[in-house]
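Each of the two complexes below includes chain A, the first together with chain B, the second together with chain C.
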Partner chain A sequence: MTLMETAKEKWSGAVGTVVLGADAAAGGTRKSVVTLGGASTLPFLKFDGQTPHRPAVAMEVWDSAPEDWPAPLATALGDLVKSPVEWARTCVEKFGADLICLRLTSTHPDLANTSPQKAAETVKAVLKAISVPLIVWGCDQPDKDNQVLPVCSQAAAGERCLFGTVTEDNYKTLAVSCLADGHCLIGLSPIDINIAKQVNVLVTEMGFPLDRLVMYQTTGALGYGLEYTYSIQERGRLAALGGDRLMAVPVICMVGQEAWRTREARATEEELPGWGSEKERGLNWEIATAAALLQAGSDILVLRHPAAVAAIKTSIGQLMS
Partner chain B sequence: MFVIGERINGMFKDIGDAILAKDPQPVRAMAEKQLAAGADALDINVGTRVPKPERGAAMEWLVDSVREVTTVPLSIDSPSLVIVRAGLAKACAKGRGIINSTTGQQGKVEEFMKLAHEFSAGIVGLSIDEKGVAATADAKLEIGMRIIAAAAEAGVPTEDVYLDPIILPVNCNQSAPGIVMETISQFKMLSDPAPHIVIGLSNLSQGASERSLINRTFLVMAIGAGLDASIHDPLDEELTNAMVTAELLLNKSIYSDSYLAAYRKGKSVR
Partner chain C sequence: MALKALDIFKLLPKTNCKKCGTPTCLAFAMKLAQKQAKLDDCPDVSAEAKALLAGAAAPPIRLVTVGTGDRKLEIGNETVMFRHDESFYHQAGIGVIVPDTLTGQELTERLAQVKALAFVRVGTRIGAGLVAVENASGRADTFVTAVQAARKVGLPLVLMAADAAVVKAALAAGCAAERPLIYAASEGNWEGMAQLAKEHNCPLAVTGADLDAVAALARKVRQAGAEELILDLGVGSLARNLEALTAARRLALKRKADGVGYPSMVCCRDADPAQNLIACCSYAAKYAGIVLTPLRAPEQILPMLTIGQNIYADPRKPIQVEAKVYSVGAVTPQSPLLVTTNFSLTYYTVESEVEASRVPAYIGVLDTEGTSVLTAFASDKLTAEKVVTLLRSEAVTKAVSHQKVIIPGYIAAMSGELLEASGWEIMVGPREASGIPKYLKTVWQGA
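Presenting the complex of A and B:
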């Protein structure tokens, strides 16, 4: 009997590599760094090419306690949410987060309108408390982010953090700061692959290196547009493997944020008794969304629930082994 | 599109002078200019001003000069097996080489395929046989098939074969471009995986007016028919823009508002 030969794709390109965090040798204070990308195949197709770096799992930490998180999520985190420093430290030391995504939600003008200086102090305190790389995410209000994030960038200079976000209409201020302070950048586009590429072109035209860029093509949760995110990431990966260097940029997904705002995650058992245990529903929604996006080619999954982190890290371990 | 820059050729005065004077500076500068403009590989041709016995050594010098600034594939452009071998040995010491070219003539194609296999090089196969340049699509296909068979026989993967249907000057034969278009679409069906298809584009407009316009119009048409490689002048900006746009319209690249800048930026970070 003749064995059938495995049909292999011959790709001409690969996803670019981005290093987050700077250790002592690189002029920073991180004990560990995270290397993203480098894949020369579709996700986890070991017979086709290399996946040299495993996808990273980040956990969200807010600079002020979230007020509307569903009970199962809020209970899992307890009082940790009252202190970003303790929250971040526990996420790394107890829950196994590869990196922390610090969201400066309190800086939003409609919320506490925290000053840039105070936000920078939080960034420094969190950096001091953790040994892993840090993602610094603004409040998604462009004018305020342009005031806050450059100050935070300077405060964290040399730590090679990942700052977000820049968009097609608002990228110059943060790109200049991150370029000067040695950080990486997240380019945001609204589930639109053409705009995702355009953001990368605009930022690199300013002299920002491609190997310090990560794409956030926005994330749809399971049942809420996941398939759009999936197909865009898949098309982006295919373009990267086909040699499109502007699309050969690692991808970040805000899984927890999207999963925990679905009706399935938020509805109580009293409201929807037929939908099963409220405690498990949101958690499973977060895990299922993350598992699907891993297959789409995500390089950083930002999660919220500690049990979701454990489940996805196990899944990544199995896929990489 | 796999663009092979044509400008390092002794037929151009600047490069011809540099070869005779053994001055590597203009050669290096031309290599860098073409790469900055998007060339994926560079054609290397010593031209005819160097006396025949000295052309092997001139090829070695020219390849060495280019290799000082780049490791991209070098297309060693000569009909002579001896000169090609000399250039290939130098080119493959620090990168890949492409043989440019063999014909489908029996005896010749086998020898060149052996060389391609020895150096794991790409190879351009021209639609020429014992009777000269094939004039019809059927004749071009027959030679193409012969070249692919010779590659398989020598252990050269089809993905390393670049079939060239040969484009003749439009002011000599106006029916030739249409025949080449027909041939390109049929070349693609000769094998699976399909061979690459390349043309020496500038030949089309030799002696004609509006050379750049003729070149870019045909390049777009040929890309539509399945052309995936071209030997041309990447410094012709309008030609490059037309090529990039054609690939975009065929959904071979992802659109962005700055897609022309994206193409050039993508090439600059190689």
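Presenting the complex of A and C:
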């Protein structure tokens, strides 16, 4: 027996599988779908088990142009950010995103307070512009999300989108809509494995199928709590491999959002002398955060910079080989 | 492996002669179990007991030291597969590869670049851990010249050469006493390399085509007398290397396999800088004790170092920052004052948001025993009394001339009590730190 064979663990469970997007056969209009999860090993260990589906790379698209993204990121996207439709289309066709994460930031009451109907139109327009599955993310203001997301859910009925987010305190409204319209759901928890599981319990108790759930356990950027996310994800993967079905739910990470908030991504060379090129620093921060979280067991990485998408997709290809 | 005091006691002479400075053999055994004494302190212990105790006390993954003095790199001695099981202890040393084909000014500049790779993050000094001189020229004299120059960087050295004679020349030129890592013993050269490692008491890396070959060579080299070994698990692609790193760790900790009880390393050669960065970060997260790379720009090395800082942070400690008044940006007495807790994740999130807002501000940090705002509030560790004490403290009165304080949205319920007790204007900030930039730019209208 080789040492690699000796090292093999006997796992009794696997991560559950979730299919995002519905093609014509499934009643939708997606040309390609994304299958998440299914791993019966710690991340990418061939000697230990199967990794049937590669982690997916999503790109963030906002329904209104972000105002305070750092220059290196803003420059890479240019005028695309002015049109969610063009932005989304380019992410798929040019940058190679496996799916799009549309964030309805403008619906926030403190911002443009966009109406549910208008948000739903954006969702429809983006769906029409892209052939891949869509994530629809609210503005994280629970009351407004409860008004906006059900309307969007209905507008996208049958497309098997991934809607987010629901929490321990606020899950019923969105779960009912997504159940009726055939979508998947993201359960949000604050870096706490027990709450993550509790959200899954609550949502499935409503009759929502487990194979349409994804967990967002809150992402910490490199240097800003990455280790908490890393350990929660490792523990979650171990629980799944140990046969805990309620924790065997794929995981989504908001890498771009967190990485581009950091000082390393934002500070100028004058502010951080000796810390290297401002142009590359944020990009590398996003890439490094994604690389680490892939090793902890992420199933969807949501990124922002096109070059980060290219680099991480290449690396995932290597990890899967 | 921690031996119990009673097991150790059984192996001692049981004469209670006190030569070890302890009244009884049992007391001495207890000290040994707690690592407060060394077995050598008992002059009468039998050779057989010594061997037994040494074997049982040997850690499953040997501690290996590269270099000497303050800047020495210690790796190994790890005890768990997952950081949440206990903690990881010795984070990967990141080493920059410098080819000996560089000469003169070019070499000087390259080494200066490596030396400059030092940063203070989160109050901790981090930096490149090694400088690795590679014998790309194939010549001994150029190698020796480059190594002599690299010694001046002040970091532990790696001597990268396939020919033992070339390594020997560099060691003889003076660096032997600095305990460089010899890289590396292979099937073709191991006798010469093991001999050098033994003679100069230097750590030695061991290579091979796969994990079995590396472990087999490690056993041979050990028999030849080289003791401090590092397994080079750069056995192929990113995926294969990560598999080997995990397997070696698991075999050492859980299967007690022979020849794998050493720290590991990978030399990362990807020509594409982004792929190289990803690989280095992945190895640093997944068990590597040393990662060598040709990358050398600060924005490339910093993320690798930060991964180590994060993954090797002790998860058993709620990490705290000092409870005091911090300033972000070019503050004036008119700058806003925000209040938060001393849980480091909370603090650094607030700090990075304040930073992102570009509004200079003070952050008053309360001692909540390292808990977040919500937890602290729920468990009475964040009370109005504590906030008032902070507002009245000299640190605050010296810093700001106004009487307005921004409290986290989650403790809005405290506003009335705070106003009454302090007389300050209580401004309720956002619940989540991500709302801070907008809050400071719109709601905060100046003092």
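Going forward, the second predicted complex is superposed on the first by the 316 of 321 C-alpha atoms of A that agree within 3 Å, B and C clash if a C-alpha of one lies under 4 Å from a C-alpha of the other, contacts with A are read in each partner's own complex, and residues count from 1 in each chain.
Keep this in mind: contacts are C-beta pairs under 8 Å (C-beta built on N, C-alpha and C of every residue); 3 or more make two chains touch, one makes a residue touch a chain.
Quick caveat, the model's predicted, so the values are computed rather than measured.
Colleague: Do chain B and chain C fit side by side on chain A after the overlay, or clash?
Modeller: These partners fit in the superposed model.
Colleague: Between chain B (first) and chain C (second), which does A:Thr35 come into contact with in this model arrangement: first, second, both, or neither?
Modeller: After superposing on A, A:Thr35 lies clear of both chain B and chain C.
Colleague: Please indicate which partner A:Arg245 is in contact with in the superposed arrangement: first for chain B, second for chain C, both, or neither.
Modeller: First partner only.
Colleague: Check the residue A:Gln141 against both partner chains and state whether it touches chain B (first), chain C (second), both, or neither.
Modeller: So A:Gln141 meets neither chain B nor chain C here.
Colleague: Count the residues of chain A touched by chain B and by chain C, then name the partner with the higher count.
Modeller: More residues of chain A are touched by C.
Colleague: Where does A:Gln318 make contact in the superposed view: on chain B (first), on chain C (second), on both, or on neither?
Modeller: Second partner only, chain C.
Colleague: A:Trp285 contacts which: chain B (first), chain C (second), both, neither?
Modeller: second
Colleague: Roughly what angle, nearest 10 degrees, sits at the C-alpha centre of chain A between those of chain B and chain C?
Modeller: 80
Colleague: What is the contact status of A:Asn194 with respect to chain B (first) and chain C (second): first, second, both, or neither?
Modeller: The answer is first: A:Asn194 touches chain B but not chain C.
Colleague: Using the superposition on chain A described above, determine whether A:Ser231 touches chain B (first), chain C (second), both, or neither.
Modeller: So A:Ser231 only meets chain C here.
Colleague: Pick one for A:Ala307: touches chain B only (first), chain C only (second), both, or neither.
Modeller: It touches chain C, and chain B stays clear.
Colleague: Which value, in Å, gives the least CA distance between chain B and chain C in the superposed three-chain arrangement?
Modeller: Shortest inter-chain C-alpha distance (chain B to chain C): 9 Å.
Colleague: Using the superposition described at the top, list the residues of chain A that contact chain B and also contact chain C.
Modeller: Common interface on chain A, chain B vs chain C: 235.
Colleague: For chain A, which residues count as touching chain B in their complex?
Modeller: 10, 193-195, 197-198, 200-202, 204-205, 210, 235-236, 239, 243-247
Colleague: Given the complex with chain A, which residues does chain B contribute to the contact?
Modeller: Contact set of chain B toward chain A: 159, 253-259, 261-262, 265-267, 269-270.
Colleague: For a test of understanding, state which residues of chain A touch chain C in their complex under the given definition.
Modeller: 2-4, 6-7, 9, 42, 44-48, 68, 110, 220, 222-228, 230-231, 234-235, 238, 261-264, 266-267, 274-277, 280-281, 284-285, 287-288, 291-292, 294-296, 307, 310-312, 314-315, 318-321
Colleague: Write out the stretch or stretches of chain C touching chain A in their complex.
Modeller: 82-84, 116, 119, 121-122, 210-212, 215, 237-239, 242-244, 246-248, 250-251, 255, 257, 260, 272, 274-275, 277-279, 281-282, 285-286, 297-300, 302-304, 306-307, 309-311, 313, 315, 345, 348-349, 351-353, 355-356, 434, 437-438
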